[in-house]
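One chain, chain A, links the two complexes that follow: it is found with chain B in the first and with chain C in the second.
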Partner chain A sequence: MDIRSQISMVFHLDKCIGCHTCSVACKNIWTDRKGAEYQWWNNVETKPGTGYPGKWEDQDIYKGGWEKKSNGAGNGESGDIKLKGAGKRKGLGNIFHNPNLPVIDDYYEPFTYKYLDLIESPAGDDQPTARPVSLITGKHIDIKMGPNWDDDLGGSPDYARNDPNLKNLTPAEREAMFQLEKMAFFYLPRICNHCLNPGCVASCPSGALYKRGEDGIVLVNQEVCRGWRMCVTACPYKKTYYNWHTGKSEKCILCFPRIEAGLAPACMHSCVGRIRYLGVVLYDADKIQDVASAPEDELVNRHMDIMLDPNDPEVIEAAKQNGVADSTIRSAQASPIYKFVKEWGMALPLHSEFRTLPMLFYVPPLLPVMASLSRANNAEQAEKLGAKTKFWSDDWLYDTSTEELFGTIDQARFPLQYMANLFSAGDTDMVRERLMKLMAVRIHRRHVTVGDVSKEKADGALHEAGLTAEMADAIYYLTALAKFDDRFVIPAAHREQAIEMMEFTGDKKGNTGFGFKEGTAQRGL
Partner chain B sequence: MTNSSSLERHAAGPGFFLMIVALVLPAFCWAQTSGEQLFQASCSACHSIGGGRRVGPDLDGVVERRSEAWLGQFIKSSQSLVKSGDAEAVAVFEEFSSMVMPDFPLPDEEIAELLVYIGAQGSNVPEVVAANVAEETQAATPVSADHVLKGLELFQGSTRFSNGGPGCNACHHVKNDAVIGGGILARELTTVFSRMGGDGVGAILGQAPFPVMQAAYKNQPLTEDEIAYLVAFLQSADEQHLFQQPRDYGFGLFASGALGAGVMYLFFAIIWRGRKRGSVNQEIYDRQPPSHN
Partner chain C sequence: MTSLDYFLFTAFPYVAISVFVIGSIYRYTRKGYKVSSLSAQFLEGKQGFWGTVPFHFGMLVVFLGHLLAFLFPAGVLAWNSNPMRLIAHEGIGFTFAVALLVGLIILMIRRLTHPRLKAVNTRMDLFVELVLLAQVILGCWIALGYRWGSSWFAADLSPYLWSILKLNPQPEAVVAMPLVIKAHIVGAFSIFLIFPFTRLIHILVAPFHYIWRPYQVVIWNWNKKDIRDSTTPWSKARPRNN
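Moving on to the complex of A and B:
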């Protein structure tokens, strides 16, 4: 056992309102610079939709992530995996021309408006307008795309219908998703997953990318990066970006300066819907290779299994031996992530079939509000109204009562298969299980607060979903009532220990304190 | 600030006057030495004073033969004098195989000093010696193959000059089977040996009168041996130039380059045939009507 700690996240999609506050918070802090204008380390996509950059999930286009060699498919344990579009040999062959990179038009050409023209234009016959200018060329442009252009199904034939996740759906299922009255969508906020088996780190010819030992945050060393852009190809989530001004690649740093100071990352801190949870988990690093090369149908479960119980004495002992701090272990015991992912089994990783073992998990959305459809006999009513009066000719009854508990999950406006393509490598049972839990907690809380559901029915629903009343209340608390410190359990960074490894602190003892500032002021944290 | 003001205070002391004297004194000696310096720097490569013909005429007694004004004009720009049809200038130009003397835009005072020096030097040299020297320079002595080879390597730059000067073929070309296309920035040197003679070539290499060459070798002069090797090479190139048939690549060079590029493009098109082309959103962009600017 090689126990390590990893900062992990859960995004509760049932709560996301798609306000993009997270994206704006991130942009204002990190990517409001020349060369980074087009980068959205945090972005919110509308699903179904093609996302940002366009069709990023389609690895036939972008060649991201790992692929399992077909000959090793049966072996399970021993089947080795290789990067689809990068790696040693492919990287060397393509080092001067990287053939699968997204171009700026796959993201969008960043722009601003000439606002000053509105107040500084000389008097004239026409109203002045603020014309858009490109942030790359500085010239006037026609805006053709934005980072969330497909927001709320805008232009759905181009975006929603081209969603790569529709690929295993039957034509009828697809068509049903886009019926006018049945149309639905949800939001998918995305940041770097800080994967356990990151493709970007594996692909870098310069060795500039690394995964921090203490908390697993994946970073690009800007001093070492040579701008080969292999990481841009290798990341299947397209979450490393090339800065055309500095000539280096950049990515989400999970606001590590904030985390080290005990603050939540800016996107999570600012989240209006409070959908984001962050905490530390303990995992067994020896198993990474086995898990990442597991057969596709076992991937998700084995990914979950790599995370260990932080209350298990054996795990605690092994973690301590490996240098994991006591405070980190205590933090892992209080982690909301462990609860959502392991204890309650409510969250799933995004696109585990890319085999990078992402450590950002999503609670799938229970959308839209459930109702059951049944046949009703409208003949009597129709007769009463007579031939001249208009009446509904169909005989569907849209029943929002709670008599039928889970019958509607399979008839959700979103086919389960679509959700499964996103969150469970195509396994609909796994998604159904999570949706049932979400539904059961609602039924339980309706019994407690409204009382129109009988206790037997509520308990039956919980039992069927594999929950107890205590668990359901805990889920309810963490979902609906949780305070800041419940949502973000951030371990102490122990910077002082890290510094002591590099330099002797006695050198400074007795030399600092009240006095005059000399040299440049450096930010001491 | 404090440093500079203390300097000023020191300067006002008795040492200051000494310093003034030390600065002004050399200016009086300048007039005597600068004529010689100028001659060595600019003229001696091609001209001697009483040493016989080199590339250009012997300047012994030239100040008596020509007027000072004429000499001044010739030094400043010999070609404008020749083109203006001055009979004497044309005669000298043609006598020395139409070799152009470079322009020396010196101020009048320096020309005067130069002429004073030439006038003073001329009578010092016995005429007999001058005649002997002249005969020697004209006789072309056979050269050793070893020297020719070393000269060729130096010319092409395959052996570096010991002081690091640039190779000759960067600017010059020589028609020779062993030389692959030299530069066309400066004169073609195939027959330079018969035009200037060994001493003339050697003198130019030692102390170039041409501004560009001067600048190029200012801090990295050629050594005596290197000059000897180059002269030997140029002599042999001159003697043999009629029998040399260096290959003329002509259009073939361009064609093979174009063909090579074509093959490479084809090769790249095959290895990267599965590459991502254009934007995934291109179809959407193409449909959007442009605004009318």
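Moving on to the complex of A and C:
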């Protein structure tokens, strides 16, 4: 057992309102630079949709992630997985020209507008306009793509219908998603997953990418990076980016300078919907290879099983043996991630089938699933609603009744198979289980606060979803009421110890602040 | 022997090699951030493929051909003693030289015409490409006009290059050669001279160590086991200033 700690995250999709505040916070801090204009280390996608870069989930195009060669053994002991589009043979063979590298047009050509023309144009018959100019060439361009170009275009032919996750949906299911009056979508915020088996690290010929041992954050050493660009191909989530100006790769650094200071990453801190949770989990690093090469149907469960119970005395003892700090173990015990993923079983990883073991988990969204439509009996509805509210002439109505528990999950207008393609490698049962829990918590809270649901009915719903009333209240608290310190349990970074390992702090006295990094400036001879 | 010949074939090689060695070490240690080639595939991938692939593979084979004739002249001469093997040897070399030339021309056209590439062009890039172009054209000319290059390189040029390496330069054979060949030799040393100041430096950081490295890289900022062990001091080094 080789127990390590890992900073891990949960995004609660039911709470995401798609406001892109996270993206803007990240952009302003990290990627507002030449060559990085097109990079969105944090982006929010509308699903169904093609995302950013276009169709990133389609690995037949982008060749990201790992693929399992033989499916025979089944025990996954052999570790027989290979990088799909990179690795030692393919990476070095394609080093002069990487055929699987996305180009800037797959993202979008960054642009700005000539705002000054609005002010400085000479007087004339026409209103002056601010024409778009490319941030690469400086020339006028016709904008074809931009950040969040597919935002809210849930039913659109160009975006929603080209979503790679529609692959094993029946034509009827697809059409049901795209009819205007039935159309549904939700938001998927994405950052680097800081994977346990990162494809980017494995693909880097220079060895510039690495995983930090102490907290598992995946970083690019800019001094070592030589711009071979294999990481861009190998990351199946397309979360490593090539900076065309510096010739180096860049990626989400999980705001490690903030984390080391005990602050939440900027995207998480600024999240308006408070959908983001961050904490540390303990895991067994010896199991990474086995889990990453597990058969597809066991992959999701074995991925989540790699997390260890931080309250188990054996785990604590082994963690201490392995040098995990007490403060880190305490943080792991209070971690909202362990609760969401393991204790309550409510979160799932995104696209486990890429086999990188992502450490960002998503609570699947209940709302687009639950809000099924039924053809209302017009007369009856008119009688019921007409007196108090404006009656909608369309005879389709949202069915939000709680009379038939969980009934709507399976008859949803939003096919479970679609969610399963995103979060559980196609297994609808796993998604249904999570949605039932979300629904059960609502029914329970409705019983507690409104009271129109009977206790028997609420307890029945909880029982069916595998929860207790205490768990439901805890879930409710962490979902709806949680304060900053409940959502972000960040262990001390112990940087002071790191510094003392490398150098004697006395040597640095007088060298900080008004010190010299490269010696005093030479003046004359 | 004129003084110009004497300078170009005895002094100049030493200047070029010194600048190459010292400059490369300086750049790697002091300006390591920019030790790479600025790839433009991300901005323009399709046309680049037809330039960069023949260019690089052509360059690889042509360079290794010169290197082999320099290191193992006797072996190359023995191989060339059979006419069929000589023609095969020269044919393969020339094919890759043409690939190199075609690739280079495509890359230059791309660099000069593609609007996005203008954003990442430098004058030095264009200068390097012109030097390489001149050198490759001279090389092809020599291969066609002064046969058989692989044999007389091994017989005459290899001893000259070794004499430079042994700090006892013997330029007589080279000085007697035709002007085209002299220009090619001066061009070669010129490339060494400008090497540390250009993107050619990326050749020195070719990632061979990737072959032996385990796929995953984990870096620990400190040894946690040492820190938790109360019997070991965290700091192994003693302070230098007290």
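Methods note: the second predicted complex is superposed on the first by the 465 of 525 C-alpha atoms of A that agree within 3 Å, B and C clash if a C-alpha of one lies under 4 Å from a C-alpha of the other, contacts with A are read in each partner's own complex, and residues count from 1 in each chain.
Please note the rule applied: a contact is a pair of C-beta atoms (placed from the backbone, for glycine too) under 8 Å apart; a residue touches a chain by one contact, two chains touch by 3 or more.
Since the structure is predicted, the reported quantities are computational estimates derived from the model, not experimental observations.
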| item | value |
| --- | --- |
| Superposed partners chain B and chain C on chain A - clash or fit | clash |
| Which superposed partner A:Q222 touches (first chain B, second chain C, both, neither) | second |
| Chain B versus chain C as contact partner of A:P415, first or second or both or neither | neither |
| First (chain B), second (chain C), both or neither touched by A:M145 | first |
| Contacts of A:P164 with chain B and chain C, given as first, second, both or neither | neither |
| Chain B versus chain C as contact partner of A:L101, first or second or both or neither | both |
| Partner with the higher number of touched chain A residues, chain C or chain B | C |
| Which of chain B and chain C A:W244 touches, first, second, both or neither | second |
| Chain B versus chain C as contact partner of A:L209, first or second or both or neither | second |
| Which of chain B and chain C A:K55 touches, first, second, both or neither | first |
| Chain B and chain C footprints on chain A, overlapping residues | 97, 99, 101-103 |
| Complex contact set, residues of chain C against chain A | 32-33, 35-45, 48-49, 52-53, 55-57, 115-116, 118-120, 202, 205, 207, 209-211, 213, 215-228, 234-235, 237-242 |
| Residue ranges of chain B in contact with chain A within the complex | 268, 271-272, 274-276, 278-282, 284-285, 288, 290-291, 293 |
| For the chain A and chain C complex, residues of the former touching the latter | 87-88, 91-92, 95-99, 101-104, 136-139, 197-198, 201-202, 204-207, 209-214, 222-223, 225-229, 242, 244-245, 247-248, 320, 322-325, 494, 497-498, 500-504, 506-507, 509 |
| Touching residues (chain side chain A, partner chain B) in the complex | 50, 53-55, 61-62, 93, 97, 99-103, 105-106, 140, 142, 144-145, 155, 158 |
